[in-house]
Structures are given as structure tokens and as C-alpha cells.
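Okay, so chain A shows up in both of these, paired with chain B first and chain C after.
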Partner chain A sequence: MSRWLAEVLAVAGKDLRTEFRTRVALNALALFALTTLAAVSYTIGPYRLSAEDRPFLLSVLLWIVIFFAALAGLDRSFVKEEESHTAGLLRLAAAPTVVWAGKLVYNLVLILVLMAILAPLFCVLMGFEIVMPWRFVAVLAAGGFGLAVTTTIVAAIIAQAMTRGALFSVLSLPLLLPLLIFLIQGTTAVSTGDLATWSASLRAVLSMAGVMTVVSALLFPVVWRD
Partner chain B sequence: MVPPVSAGISITFDDVAKRYDLRVIFRAVSGRVDPGEVLLITGPNGSGKSTLLAILCGLLRPTRGVVRYRRDGGDEVSREEWRRHLGVVAPSMAVYEELTALENLGFYSRVRGLDLPIAIQRGLLERVGLDPDRTTPVRGFSTGMAQRLKIAQALLHDPEVLLLDEPSSNLDPAGQDWLEDQIGALVADGRTVVLATNDRREMTWGSRRVSLAG
Partner chain C sequence: MTRIGTALKWLLLVWMAVVIWAAFMWVPSASGFKGESSRIVFFHVPTAWVATLAFLVSCVASVMYLKRRSPQDDNRAAVSAGLGLVFAVLATVTGAIFAKIMWGAYWNWDPRQTSITILLLIYAAYFALRGAVPDPEKRATLAAVYSILAFVTVPFLMFVVPRIYWSLHPDVITNPDPDNRLDSAHLRVLLASLAGFTGLYVWLYTLGSRIEAIRHRRRQEVL
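Up next, the complex of A and B:
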């Protein structure tokens, strides 16, 4: 294993270990996701939507639940370092790219854990029929990466702000909106069996996540150090 | 492992000023410290001692002036390389409260690319007076024990330069004696130490002084 990767995994491992001991972000993610899912399944349930509208509307609902749960829990990675005054030593101990990649891995693990629990529950409770399950997993994985990479850099930016408040949501929303549109398209496609739309949507999601990864990697050292 | 340094590192800062918007913290501060010396930064509360230390760390940029880190041979040390040779203890910089002392040292060791054997990490904890077998997270430590862990963290990578902000605060008399001996040994070994303090005892450890007016 390369030294850089070992350092990245050290940051991610430390964050996961502290998170599993405090469960602040996990609780926020899980509570928001499960409350929203319970409300949606109670009010709409598996039978209230017409068969024609189901794939699209259920895709929208699924990504709304994932998106807002991500906003509720993924802002903690950098804010916690600043609030607990551990950011200073981390800045001195680790290279900026190591910190960025470590936090990205941590956020990715959280969002993937959330999706692994939420997506099957959603499909069962809402009666959301997926005709291409592995392609659905690919959409979720690509979406998870896109969400993680975007929320990681936004979390780093807002951690430096004096008044954080709703800044995380305000900054994340315009960056994530195009991603969400393609994720909804891709999820609708795996429900209807539209392979061409799935393929185009996945490519768009991966492209956006790729661009965001490059921009974040270039921007993060400036945000973190200055 | 951090590559061995052939010579110590000196710090020179010239005409350094720091201002936040219209609030001037200090202006036109200059000084120098060479390997084998302790530079004291003194001044009343609010005079900017910790701010100057953060500037010397490279964590803050001065509003004006320059800070240079040079090896004895005269080569300048880059900002990226600088952090590898720097150990810091400051009240504003905490270790992770959710981790144990040994987990903290393990993390800083891995993230610095050292991957020190566990025996060395345990030895360092014993050296600063902490029990390496203690499984309590740092949250359950007394302030003195947490301070000892911060000192262990600063010494972990055997740094050429130590920047210390009131390092003996919260330490008991035995801890203060131990710290004085450690700093004496490090200075005798050619390390560079910068010490921000108002403590009468710590002020006797220095060979040079920069006084901030406040």
C-alpha cells in the first residue's frame, strides 16, 4: 500500500472510529432518513400512485430522502475538527490532499451505509419495482460518490465560516441539483428497464462527480490552509 | 520515517504584523532563534503571543512581514516540508477526545507517514507519565494528563523544532520539572525551541526574548 493511501486511510479510520463512538452524524443521517421514509410510506404507501407515474415519482422521493439525509449528517466531518480544536494539529500532521481524501472516504462510507439500509427499505415499503437491480446499485454507488465528493468540499468551506447555520444546504443545493436530476433519471430507468437512459444518466453522474473530484482536489489545499 | 536532517533549523521573522480587519494584534515584530536555543515570546494577555506562534507554525499568514525557516547550511525549508520537522503544543490545539492516548499517538504516527511500532508509542506515553494500557478516552483525562498527551504528540516524530505555548500549564510540579529537563535535553541536542509564556518559571528557560507590547 502506498504511503499516501495509508495516510488517507488513517484519517478515514480515525473519523469512522470517533463517529462510531459518538454517533452524531450516523444518528442525524439515520433519524432523518427513517423519519422521512416513514412519513412518505404512511402518506403515499405502495398503492396511491398510478402505475404510469410510479417509476418517476418514487425515484424523486427516494433521492429527496437520500439528499436531505446527506445534508443533515455529512456536514460534520470538518465542522467537528474546528469545534473540537483538533484541526490545528491535523493541519500540521497531514498533507491537505490526505485530509481531503480521508474525509471523502469517511463521507462515502457513511452515505453508502445509509443507502444500503435505506434503498431496500424504500423499495419494500413503497413497492418500488426495480427491473435492473445491479444497474440500480450502480446508480446508487455513483450517486453516493457524487454526493460525498460534493458535500466534502462544501463541508470544508463552511467549517471556516463564522456563521455556519444553513450555509451547508445553501451551498450544496446548486452544486447537487444537476446531479440529482440525472440520478432521478437513472433510477427511473432501472425501474422501467430503459437501458439507454440509464447509461446516459450514469455517464452524466460520473462526469459530474469526476469534475467535482478534480475541482475539490485543486481547491481544498487553499480552503484548508488559508 | 521522516528523513534525518543533517543540521538544525533556525527561524527568522522580520517586521511581522498581524491585523484582523481594523484590529491590530501586533506590528513590526522581529526575532530569530537558532538550533540549540530557546526563544521566549512574552507579553501581557491579548498581546498576540499565540497568534505569533501560529504564524511561526505556518497556520496563519502574517498581514505583513516574512518568516523564514533555514537549515544551518542556509537552505530554506519549504512550507510543506516545514510541518514534518515541527512539534507543537498549544492550548488552542487539541487531540481527539474520543480516542485513547495510544490511539491518538497511533493516528498521528500513521498520518505523518511514520507508522511507528506500538512499543515506541507506548514508551513515549510512559516517558510523559501516562499509562499506555489506559483504555479511557481522552475525554476522561484530567487537564494535566491531556497536556502530557499533547506533549507526547509533539515529540512523536522527533521534531527539529518545538513551538510551545505555555507548555507547563496544568502540569503538576513533578511534570513541570520533567518538562524543564526534557526541553533542556532537546536544546542540548541542537533542537530549536520557541516558547510563548508569561510563566515566571518557563521564562527562565529561554536564551532570547521577543516581548510583545499589547
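Up next, the complex of A and C:
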């Protein structure tokens, strides 16, 4: 088990190291998020929305920015292996589950870094008041995990197909939409202080992410094999 | 075999004709609904049921493909997903008509409408993926994986979303209130309609699978 974990961390470490050398995915994620945030903040700002609409509308905007930024950058994890023709070597070097878990860790780190920058900035620029900050962090972490799991398996699928860029959004978004609905509900709840809704939506997010984890762990070796 | 098949087709024709007649003529209009709008339940519920069944069959065929690697299973999954899309569109349209009569708008993003929209998007994406992979074997594998992933979200869309959010959608099957149940005439016609639509699906599905099998054989002969 510890050996498996060490291999997973090695794959994730390799990806993170190459990522920090070129910063292709990180730049795409961060700049996409920042430009969208600038556009949203410029057009809406902290005073345009009426007080009763604020929690819901601001949660929607926050998650839309995060989701679309994720779609702009997270497909790199497998596409770059195919583009640099290193996928074959990775197949020989590591077991499929190791590759899957390593890429998942890599995507998770990217999305969590993005959220750590974006969420506070969003709250400051839009005047988004959070009543329960730690529960907000829990929603963000659960959402990041769900996003990372789903995008990892979809990225593995589209790396084998043509017209990769467009296909990634087309395949990911419908699978992510249920998650998005629950996450918006949960974020609205941490802003209004509604504990019951928060726990219901967090449980829905976690169960969905859990099911996705199990199913994609089982299916990944099939996608990765040839 | 062909004689039984022909007989079954005629039986299906008569059965559906009787169901349509009963739905419009025999059953009294239900109380609590505007005008004759309650009659759409005999077509809306069966199409929604067939769509779910078709997606389930597609998922099972995909699992079978990953196990056996037979191109037939891939064809079955694709045919069933296509039929599921058609019936899901029919369920959406009948639902929207009912919504217009009862609640005043064709579309208001009720949780049920949201769920079915996401389902339509998912299975449309399934066909986008099929179109983007030229190699048949790879296409079958990737499509099977996506179909299974897609089906994982179905229970969340069908059961979790409408439970967490307040919905206008009438909830007959899991309704705890005994006064709000279907009476026996409605129930009989609804069950007959469910059986008829399921028969229609089985017929279309075998037809589609046979066409795909012939196409596959022709492709093998040409290559």
C-alpha cells in the first residue's frame, strides 16, 4: 500500500514538476479565472445586486468562474502525454491505477491552488459575505475533489480522440452539472447561514464525487490500456 | 419465428390503438387538473420510463462490451442510447405542454426539467464522442466508458435533485398521501400504456440492432 502511494506521488510529482517548468495549465487556469473575475467584477461590482439576491447570484457566479477555468486547463493532464509522445513510456513505467491516482492528485492540486487564489479574491471584489467560513472551505474542497475526479477520467478519454479542446468541455460539463447545482446550493447556504441545506448539499456532492471516484478507478485501466 | 414476430407487431398495433382510445375516451378526466390536461400522463410517464430503460440497456450493453469486446454489444449500446434520446425528447415535450396548461409556462427550470435537460446533454455528448473517434475499436471502448459514467449520474438526476429542491412535478409513485393516488381506471390505462411503450421500445431496439449488425457485416465485407 505504501509502495502504491509512493508511486502515485511520484507520478503526481513528475507532473507538477514539469508543470512548474512550463506553467501551461496553471497559466491557462489562473488567467482564465482572473480575466473572467475581472469581467464579472467590472460589470456587476459589489453594489449592483439587491441584498436578497446576493447570496444565490454570487454563488452562481463564483462556481461558473471556477468551472470554466477548470475546463480551460485541466484537460492538459493526459493530452500533454499524448502530444509529447510520453504516454507509452508511462504505460510501461507504472500500473494503470497508479497513473490514474497520480493524475487525480495533480488535477486536485491545480484546482485547489486555483480556488485558494480565486475564492478570497472573489469574496473581496464582489463583497460576498460568508457567515460560515470553515464550512465554505469544506464546500470548496468537496467541489474541487468532484471536479478533479470527473475531469481526470474525461481528460483520459479525450486524449484518445480528435478535436480535443472542444470535446473536453462538451463531455465534462453535462457530467459536472449535477455537481454544480449542489455546490451552488451549498455556497448559498454558507452565505445565509442555513445549516440544514449546507449539510444536505455537501452530502450530495460527496456521494456523487465518491461514486465517480469508484467508477472511474474501475474504468480507467480500460481507457488507458491501448 | 418470423410468424410470431408479425403477430406480435399486429398485437402491438392493436394494443397501442386501444391504449390511445382508452386514454382519451374511456378514462374520466381527473379532478384537480385543468381541463383535460391530466390525460397526458398516459403518454408522458411511459416515454420517461422508456427513456430510463433505454439508458439502462445502453449502460448494460456497454459493460458487456468491455467484458466481451464484441462489436455487437457496442452497436446495441449506441442504438439504445439513440432511442433513449428520442424518448427523453418526447417526455420533455409532453411535460412542457402539461406545464404550459397547468402552471402557465412551457419552461421554468423546475428540478425535473433541469434533470432531463442534463440527461439530454449527456447523451448528446455521448454521440459527439462517438463522432470524434475514427478507429471503431477505440470508439467502442471510449463510448462504453462514457456511457457507464453517464449512467452513474442518472440516479442523482432522477431521485436526489427532485428531493432536495422543491418541485411542482406531481409525485405519484412515491407519494405517501393515499388521497393523491391514481384511481383504478387511471392506473389500469397507465400500466397498459407502459406495457405498450415498452413493447414499442423492444421492437425499435431489435430493429435498430439488426440494421447495425447488417451495416457492420457489410463494412467487414468491403474492407
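As a convention for this text, the second predicted complex is superposed on the first by the 223 of 226 C-alpha atoms of A that agree within 3 Å, B and C clash if a C-alpha of one lies under 4 Å from a C-alpha of the other, contacts with A are read in each partner's own complex, and residues count from 1 in each chain.
The rule is short, and it goes like this: contacts are C-beta pairs under 8 Å (C-beta built on N, C-alpha and C of every residue); 3 or more make two chains touch, one makes a residue touch a chain.
For clarity, every value in this text was computed on a predicted model and none was experimentally measured.
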Contacts of A:M212 with chain B and chain C, given as first, second, both or neither: second
First (chain B), second (chain C), both or neither touched by A:L89: first
Touched partner set for A:P174, first chain B, second chain C, both or neither: second
Which superposed partner A:A10 touches (first chain B, second chain C, both, neither): first
Partner chain in contact with A:V98 - chain B first, chain C second, else both or neither: first
Comparison of chain B and chain C by chain A residues contacted: C
On chain A, the residue positions that both chain B and chain C contact, one per complex: 226
Complex contact set, residues of chain B against chain A: 54, 57-59, 61, 80, 83, 86, 88, 90, 92-99, 103, 107-108, 110-113, 115, 137, 153
List of chain A residues in touch with chain B within their complex: 3, 6-7, 10-11, 13-14, 17-18, 21-22, 84-86, 88-95, 98, 226
For the chain A and chain C complex, residues of the former touching the latter: 153-154, 157, 160-163, 167, 170-171, 173-175, 177-178, 181-182, 185, 200-201, 204, 208, 211-212, 215-216, 219, 222-223, 226
Touching residues on chain C, where the partner in the complex is chain A: 66, 114, 118, 121-122, 124-125, 128-129, 132-134, 138, 141-142, 144-146, 148-150, 152-153, 156-157, 160-161, 164-165
